[in-house]
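Structure first, then comments.
Labels run A, B, C, D and E following the written order; every chain starts at residue 1.
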Amino acid sequence: GGNAEAPSTAQDAGPKEIVLRVGIDADPGTLAPFVKSGSGFATISYTLYEYLGELSEVGGVLEGYIMKEYKEVAPLVYEVTIYDYVHDTAGNHINADDVIFSIAKMKEMGGSGNMRYIDSFEKVSDYTIRLKLNSNFVGGLNKVIASCRIVSKKAFEASKDGMATTPIGTTGYELEKYVPGSVVRFRKTNNHWQKDASKLATLQAANPDVIEYKIIKESAQMAIALETKTIDLAVNMSNIDAQRFMDNKAYTVFQNASNITNQMYLNLDTDSVFYNNLPLRMAVLRSIDKQGLVKGAVSGYGAPLKDFGSNQFPDFNPKWENEDYNDYDPVKAKALLAEAGYKPNELTLRIMTDNTPIRNKVAQMIQGYLMATGIKATILQYDQALFNNYKIDTKDKYEWDIMLDNTGASDYLVSMYRAKFDSRQYSNGTTNGVKDETLQKYVDRANALDGHSTTDVDNLHYYMKEQAYAMGLFSHITFMVGRDGIETLTYDAKCYPAPANTEFNAKY
Amino acid sequence: MQTHDKAYLSVRDLIVDYTSDGAVIHAVNNVSFDLYRGKTLGLVGETGAGKTTIAKALMRILPDISAKIISGKVMLEGTNLFELDEEEMRQIRGERISMVFQDPMTALNPVMKVGDQIAEVVSLHSKVSYEEALQVAIKMLETVGIPAERHIEYPHQFSGGMKQRVVIAMALACNPDVLLADEPTTALDVTIQAQVLRMINKLKNEKETSMILITHDLGVVAQVCDYVAVIYAGEIIEYGSKEEIFRKPSHPYTLGLFGAIPKLNEDVSRLANIKGLPPDPSNLPYGCKFHPRCSYATPECSEQSISLLPIQGNHLCRCINIGKMSKKEHTNGTSC
Amino acid sequence: MAPVVEVKNLCKYFNSRRGLLHAVDGVTFSIDAGKTTGVVGESGCGKSTLGRTIIHLLDSTSGDVFYKGRNITNVRGNELRQLRHQMQIIFQDPYSSLNPRMTVEATIMEPLKLYERMTKAEMQKETDRIMELVGIENRLRMAYPHELDGGRRQRVGIGRALSLKPDFIVCDEPVSSLDVSIQAQILNLLQDLQDEFDLTYMFVTHNMSVVRHVSDNICVMYLGQMVETSPVNELFDTPLHPYTKALLSAIPSTDIDNQKELEIIEGELTSPINPKPGCRFAKRCKFAVDACHQPQKLEELLPKHFCACCRARELNGL
Amino acid sequence: MIRYIIKRILWMIPVILGVAIFIFSLMYFVPGDPAAIILGSDATELELNLLREKLGFNEPFLTRLVEYLANVFLRFDFGESYITHNSITTELVRRMPYTFTLAVLCMLISVAGGVPLGVNAAVHQNKWGDRISMLIALAGVSIPAFWLGLMLVLLFSLKLGWLPAYGIGGIQYFILPAIANSLGQLAMLARQSRSSMLEVIRSDYIVTAHAKGQTKNKVIYKHALPNALIPIVTVAGSNFGRSLGGTVIIENVFSMPGIGSYMVTAINQRDYLVVQGSVILLAVSFCFIILLVDILYAFIDPRIKAQYEGVARRKKHV
Amino acid sequence: MSRNSNSKAIIKRLMKNKAAMFGLALFVILIFLSLVSPFIMKYSYFEMNPSAMLEGPSWEHPFGTDDLGRDVLSRILYGGRYSLSIGISSVVVALSISMVVGSIAGYFGGKIDNIIMRLLDIIQSVPGILLTIAISSAFGSGFDKTVLAIGLAQIPSFARILRAAIMNIRKMEYLEAAEAIGAKRYRIIFVHVLPNAMAPLIVSATMWIANTMLIAASLSFVGLGVQPPTPEWGAMLSAGRAYIRDYPHLVIFPGLFIAITVLGLNMFGDGLRDACDPKLKN
C-alpha cells in the first residue's frame, strides 16, 4: 500500500483538497503519546504518532515504522536500529536517545501494559538500542515494538501538558485544530521523513489532505451525521445502524471481523459447583447455541467459534473448523446435568457480565439456554470498572459462576490463552480460578519461543475443550460506513481503522 | 322599599350565588336598597351574611369563577351597571365607585410603593401624566395624615392603621361618588379605629360622598351611619334610619343582636343571646331564614316567604310577627 | 380573699432581630380566687405573653409567680406537670387551637389520658360529662374540628381546659374571633362555669365592653407594662391613667343619644424593642412632661386602684 | 444589602468546602478500582498494587482528604486525571463555557416558555386554556431529555435540515440541546407559575386593583405576576441546577465537549478526581446562581430587601 | 393511627375530584397489571424468540418484540414491578429519613435546626441529578442501589418541605394547648405535629414517584441504574434508543408507560394538594 496519490477529479480547476471527516464514538480524552489510550485515541493514534513498528494486520508480520531492523543478539535480547533520518513534524531529529526516552516514559506513565515484558533497555549507539525481555513467549518482541510510540524528547519536554493538546509526532500529518471532546483535525504536511515510498509500512500512508475526527458518542447521532453529510466515515457503527446504509448507493459499508472475541468462563475455584464436576461444565457448554448467539446478539454478523479464539490467527488449526467444539446439544446437556447430580431447576448460577450491548444480550440468551437445560441463572451486570474489579478481585471467592468477557489478540491465538490461563499472572490459578498443572504446561509450551508447534497448539486446544474450563463463543463483525467514494479502508492489527490509509475513488 | 327619587345609587333584587365544591351557596338573596348623596348606609350582620358579596357585586368584582350574579340591577344615576360592558364598567370603578377592603394588611400590593398604588388609580381615570398623578397621590397621602415623603415606601413599612389610611386615600383619590367601606376598622385597635373613623367622617362631609359602611360593630354604626340595613342570610331583614333601628329594633334578630353585645355603660348579669347558629348558606330554611333560631317563631314563619314591609315610614322589617311580640321585650331591646 | 395567682415584677423578653423585645416588663398584680381579672390593652402590648408566662407555657425572664402562695417560678418536670392540672388556658383562635386530626372526643380526652389512671369507660363517662357541661351535642363526639363552627370549636377548647378540673384559667381572647351572637353564648358559658366550679379567670382581651361585662378587676397594659389596675366599675367610672382615659373614650358607643366625638390618641403603638426607661405612653400622651421619662411606679392612688403615672394625682385632682 | 451579599458569599465558603468533603467521601467509598481500569483486564495483582501505591490510594482517608482540599482550595488545582493525566483544572476551564452557555440558554427557554404558559393557565383556571397548558406541562415533565433530544434531531436536523445535530460551533448548535434539556423545566416552571399565580390572584390587593378600574391584563402583569415571582424565581434558580445536571445527559446526546460529558466518561472510568472536580465546579456555579436568586428576591420583594438590610419585617399579630 | 385525620375530609374531597381519581385509577391499574401480568400474558417477559426479533406491533405482539425477540408488552407490564417499586421504595427511603431529619430541624429549631439546615444546604448545592449520579456511582448499579441513590438524593428537599410545614404548625395554638395539658415532647411531635405536617410532603412524594422513572432512565443512560435485562421502563427506554429510528416501538412504549405514570401521579398529586388545601380550589 502506501500510495499517497489521491485520485482526485482531474477535470477540476485546481487540485481538490481531499478532506476526510471521521466520526468516532469515543472521546480520546488526550492526544498525549504515553498515556494508555482508549478506543477513542486508538483510531487517531496512527494519524499522529508512529511506533517502532507494528504488525501488518491481525496475525500479520512485523513491519518497521521508525525501526529499520532488529536482530536477536542473545536469547530474549534484541538490538533495534532505527532509521537515521527520522524527524518529527516540528523538524526535531529522532535518535536512540529519543527512543530510550519514549520507552522510559511509556513505561513510567503506564501507557501500555506490554512494557512490562521489557526487562531492561539501553542505548547502544546513536540509532540503536538494546532491549532485554523478561518472558519467553511467541510474539513478545512484536508486542513491545508495536507498543512504543516514538516522539522527540525535546518536543515532549517543550510541551507544557505532556502533548495532551499540543502533540508533535512523526507522521505525515500535523495537528491543525483540537477542541477536546469534540474535534481533532490534522493536515498533511507533505514533509514526512520517509521519502522512500518502498520503505513505508502499510499504515504509514497519508492519503487525505485533511483528516478531521469528530467525536459522536450517541450511536443514533452517528448515522444522522452521515446522513446529514457532516462526516464522511463513521467508525464502529452498530449493526442496526449499519444496515440502514447497506442497500444505499450513496454509502459504502465496510465489514471487518473483529479480533476481539467473546468468551465464557466457568468458575473453577475450589468451592465452585463446577470444581471437580466435568459433567456439569459440559452440561453448561452444551446448552449454549453459539450460532443462536450470533444471530441474536449481533444479528448474524459474526461467526461461532471453534476454539477459544477466532480463526484469524496463523496458529489456528483449520481442521478444528469441522470438529465438535462442545457444540450445542440440548439433549446431551440435560443428560450431562443429570450425570452431574442435579435435578432440573435445582441449580441456580450467577452470570456476571459487563454492560456492553453485545454481552448484555449474550447474557440474557445464555440465561435462556441454561433455563432450557434446567439450570436457573441470574445475571449480574456491572459497568466496566466494577466488572474489572469483580473479575480480578480474588481476595474472597468469586462473585460469579459464569463470567462473560471478551479477549483479543493481534498476533497469535495462543496469546489469548496466555493472557487468561497463565497461572503466574493470577494469584488464584487462571482468570477463572483453574489450578491445573497440565493446563499450565500446555499453555507454556504453546507460547514458548521454542514451542508453538502445531502439536503444542493442538494439545492446548483439545485439553481446554475436554476440560471445559471456558469456551469461546463467537466472533463478530465491526462496521465502518463511509460515503460513496471511499474505496478501501485499512485496519491495524488491533482492528482499528487507519483513516490516513483510506483510498478514495473519483466519486469522492 | 319605596323609591326615593333622589336616590343616587339604587340596588334592586340583587341575587348572588357562589358555587363551591358543587354546592350552590345563596350568598345574597333579593337585596334592594337606595343610597342617597352624602349619606352613609350601614350594612350590619354576622360573618357570612353576605355583606362583602353585596359590595363586590355593586362593583362587579366578584371572583368570576365561583360567583354568579343571578339577577338584579344596580342603578347609578340612571345607568344600570350590570348592563355596561367591561370597559365601561372599568371606567366607573375607582372613579365613581370605589371600595375600601376588609383587611388593610392584605389590600395593598406588597411589592408596589404606596405612592404608585394611589397614583395608579389617578392616572387610570384622568388624562394626566404619571408625574401629575403622583402629585395627586402625595396630596391624598397628606390628606389622610401620612407625610408626603413616605410615598416611596412599601406597605410593609407602614403600621396597620397607616395602611388602612393608605387604602382609604386610594379609594378617595378620584373623588368617587360612592364609597364602599368593607369593615374598614375591624382589623384595627380601638385607638387606631377612632382615628380612621374620624377621618372617614371628615372626608365624607367635605366631599359629599355617599357611603356604604359594612361592619358588625354596632358602635361604629352608631358613630358613622345615617341608615342601617341589617343583613341575615343574604337578606335585608330590617332597614331604617340609624335612629329608627337603634331606638326601635323590630326584627327578632336585630333585637337579639342588640341584646348580645355587652354594653359599656350598663351592667347586665347575663347577656341575652340568640340561640343556635347562622344557617348554612347552601341550604337555607324556607320561609323566614331566621325562624329556626327565633323565639317568636310560629308555624307560618316557615311556610311562606316573608317580605320586607314598612313598619313606620321608611323603617322596614321582614317579620310577620312584629305585632305579636310583647311590648315589654320590645322596649327591652332598645334600652341602649 | 387570698389571691390565687400573684405576679411580682414579672418580665419576659424575647430576642428579636433588632434587639431585646420587652414583651412583658416588670408586671406586678394578683388575681383573686373565684374572680375574673381582665387584662386589656392594644394589640402587641404583651397580654398573651403575660398569660402564657404565668402558666409556664413560656419561661419568664425574671420575676416571680406565686400560685396559692407557693412560688412556682422555677418548677420543672413532674412538678410542672402536676401544676398543669390546676392552671389551664383557653385560646383566642378556635381554628388553630384544635388539632385538626383529633375528634372532639379525642381532644377532650387527651388530658385525661395523660394524667388520670382512668379506665377507658371512666374516661368516656368523664368526656360525656364535660361535653354536656360545655354544651356540645353528643352526636358531634366523633366530629373533626373542621366540621364544627367557631363557637363549637371554642366550646371544645374550653372542654379540654376543663377536663383537668383546674382552678385557674387564662382566657386569651376567647371570644374575639367570634360573631356577636356566638360571643354572647360563650361568655355566658364561661360565666356559668365560673359560678359552678368557682373558677378563677384571667381574661385577656382588647374589647373594652367585653372586659367590662366579665371582669371583677381589670388591668390595663401598655407596651409590656401595667399602667392601671382596679375593680372594674371603678376603672370605668374614674379612670386615672391618661392612657386608660384615652382608650375608654376612643370606643364608639352604641348610645346614639349621647354620641360624643371619639377621642384620638395621636400616633401609634411604638415598638417594644429596647424601650427607653420611663412611661412608655409618654410619646403619645398630651400631658407628658420631663418627669414622665423617669421610671414610673404603680401606686395605689385610690383604694384598690393602682396607677403608674407620675401626674395622675395632679391630673385627677387627688 | 451589600453586607448581606458579602455575608452570603462568605457563607458559600463553608458550603463549598462541605460539598468537596461530601463528594470526596462519597467517591472514596466507590467500589471499582481506577488502577484496574488504567491497567486493563490483563494486569497482574502486583502491578495493580504498584499503581495504587503510586496514585496514593493506599494512604489513609484523612490524609488524602486534607491533601485534596488543600490542592483544590489553596492551589486551585483539581489534580490530574488518572486516565489521561491531563490537568483537570485546565480541562474544566476549557469545558465550562459550553456547559454554562447550555445551562443559561436552558434557563432562558424555560422561563420564556414556562412563565407565560403558567400565567395563562392560571388566568383561565379550569377552562380550556388552562387544561391545554397543563397538558403541555405534564407532557414536558414526562419526557426524558435524551429521548426528546433525539426526536428533535430527527426532525430539525435530518428532516428539515435547519439546525446542526451535534457538536459545537455558533449558537445554533446549542438550540436543540437547550430545548431538549429545558422542556421538563419549562413544564415545572409552568406548573409553579400557575399555582403561585392562582394563589396571588385570590389576594385582596388583586381585587383592589380591579376595583381601581385597572384592565385585566395590567392587573395580571403589573400586580399579580410580580407578587407570584418569588416562588417562580426560586424554581427557575433550581432549574439552573437541573440544567447543569441535565448536561450530563444532553451533552452526550449532542456530543458537546462540556463538563457533563467529561463527567460521564470519568464515572465510567472511575476517574474520581475528574468526577469530584466536575461536581465541585458545578456545585459552585449552582451556589452562585442561588445567591443571584437570593439577591433577585430583594429586587422583587421590598420586604425581603428590608430583611436583608436588617430592618425587621412588619410584625404580624394574631 | 386511628384518630388519623381530617384525612377523611381530604379523601372525601379527593374522591370528588375526577381528574385526581382518574390519575389514581391509572396508577392502580398499572400496579395491578404489573402484578397479574405473568398470569395473563401469553409470553413471559424473558422468553426469547430468535425468529421474531425486532418485530413491529402486531396481533401476536401488540407492542412488537425487542432485539431478542421478547414480547415488549409482557416486558413492560412485568417491568412495571421494577419501575413502580423503584419509585415507591425510593420515596419510602427518602420519606423515612427526611421525616426524622425534617422533624428534628423543624420542631426543635435553634442550633440543631441550623446545623441540619447547613448540612442540607451543602447537599443541595449539588444539583439533584448529579447527586443521584454521584451516589449511584458510589453504590454501583442494581435495583436496590438505584433505589438507595435516588432516595438518598431526595432527602434534602423532602426534609425541607417537612421542616417548612412544621415551622408553620409550630405557631399553632393546639401545640401550646398540648403543652398546657402536660403532654410530653415526643407525644407532641408524633401526635400533634407530624400528622399535621405530612400533607405537603405526601403530595410532593406522590408526584415524585413518577419522577424517579425519569431519573432511572437518566441513570441507565450514563451506564448506572438498574441494568437491562431488568425490564425497568427507564432502562428499557434508555437501551432502546439505539433502535429509535428503525424500531421506534422499543422506545415509544416504555416512554408511553412512563408518561402515563407521570400523568396519573401528577393528576393525583394535584388533586391531593387541592384536597389538602381547599383554599386553592377556587
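To be clear about the criterion, contacts are C-beta pairs under 8 Å (C-beta built on N, C-alpha and C of every residue); 3 or more make two chains touch, one makes a residue touch a chain.
No experiment lies behind these values; they were computed from the predicted model shown.
*Asks:* Moving step by step between touching chains, how few steps can get you from chain C to chain E?
*Replies:* 1
*Asks:* Please state whether B-C or A-E has more C-beta contact pairs across its interface.
*Replies:* Here the pair linked by more C-beta pairs in contact is B-C.
*Asks:* Based only on mean CA positions, could you tell me how far chain A sits from chain E in angstrom?
*Replies:* 44
*Asks:* Which integer distance in Å separates the CA centroid of chain B from that of chain D?
*Replies:* 52
*Asks:* What whole-number Å value describes the gap between the mean CA coordinates of chain A and chain D?
*Replies:* Between these chains, centre-to-centre, one finds 40 Å.
*Asks:* Counting only residues that touch at least 2 other chains, which ones in chain E make the list?
*Replies:* 140, 223-224, 241, 244-245
*Asks:* Which parts of chain A, given as residue numbers and ranges, touch two or more other chains?
*Replies:* 218, 220, 383, 386
*Asks:* Quick one: which residues in chain B touch 2 or more of the other chains?
*Replies:* Residue numbers touching two or more other chains: 63, 65, 159.
*Asks:* Looking at the complex, which residues from chain D come into contact with chain B?
*Replies:* 125-126, 202-205, 207-216, 223, 226-227, 300-303, 306, 313-314
*Asks:* Under the touch definition given earlier, write down the residues of chain D that touch chain E in their complex.
*Replies:* Residue positions touching the partner: 14-16, 18-19, 22-23, 26-27, 29-32, 138-139, 141-147, 150, 154, 184, 195, 198-199, 202, 241-242, 244-246, 248-249, 252, 263-264, 267-268, 275, 279, 282-283, 286-287, 290.
*Asks:* In their complex, what parts of chain C are in touch with chain B?
*Replies:* 42-43, 149, 151, 179-185, 187-188, 191, 206, 208-210, 212-214, 233, 236, 246-248, 250-256, 259, 261-265, 268-269
*Asks:* Sort out for me which residues of chain B touch chain C in the complex.
*Replies:* Touching chain C from chain B are residues 46-47, 159, 161-162, 189-195, 197-198, 216-223, 242-243, 246-247, 256-265, 267-268, 270-275, 277-278, 336.
*Asks:* Spell out the part of chain E that touches chain C in their complex, as residue ranges.
*Replies:* Touch residues, chain E against chain C: 3-9, 171-174, 176-183, 187, 191-192, 195-196.
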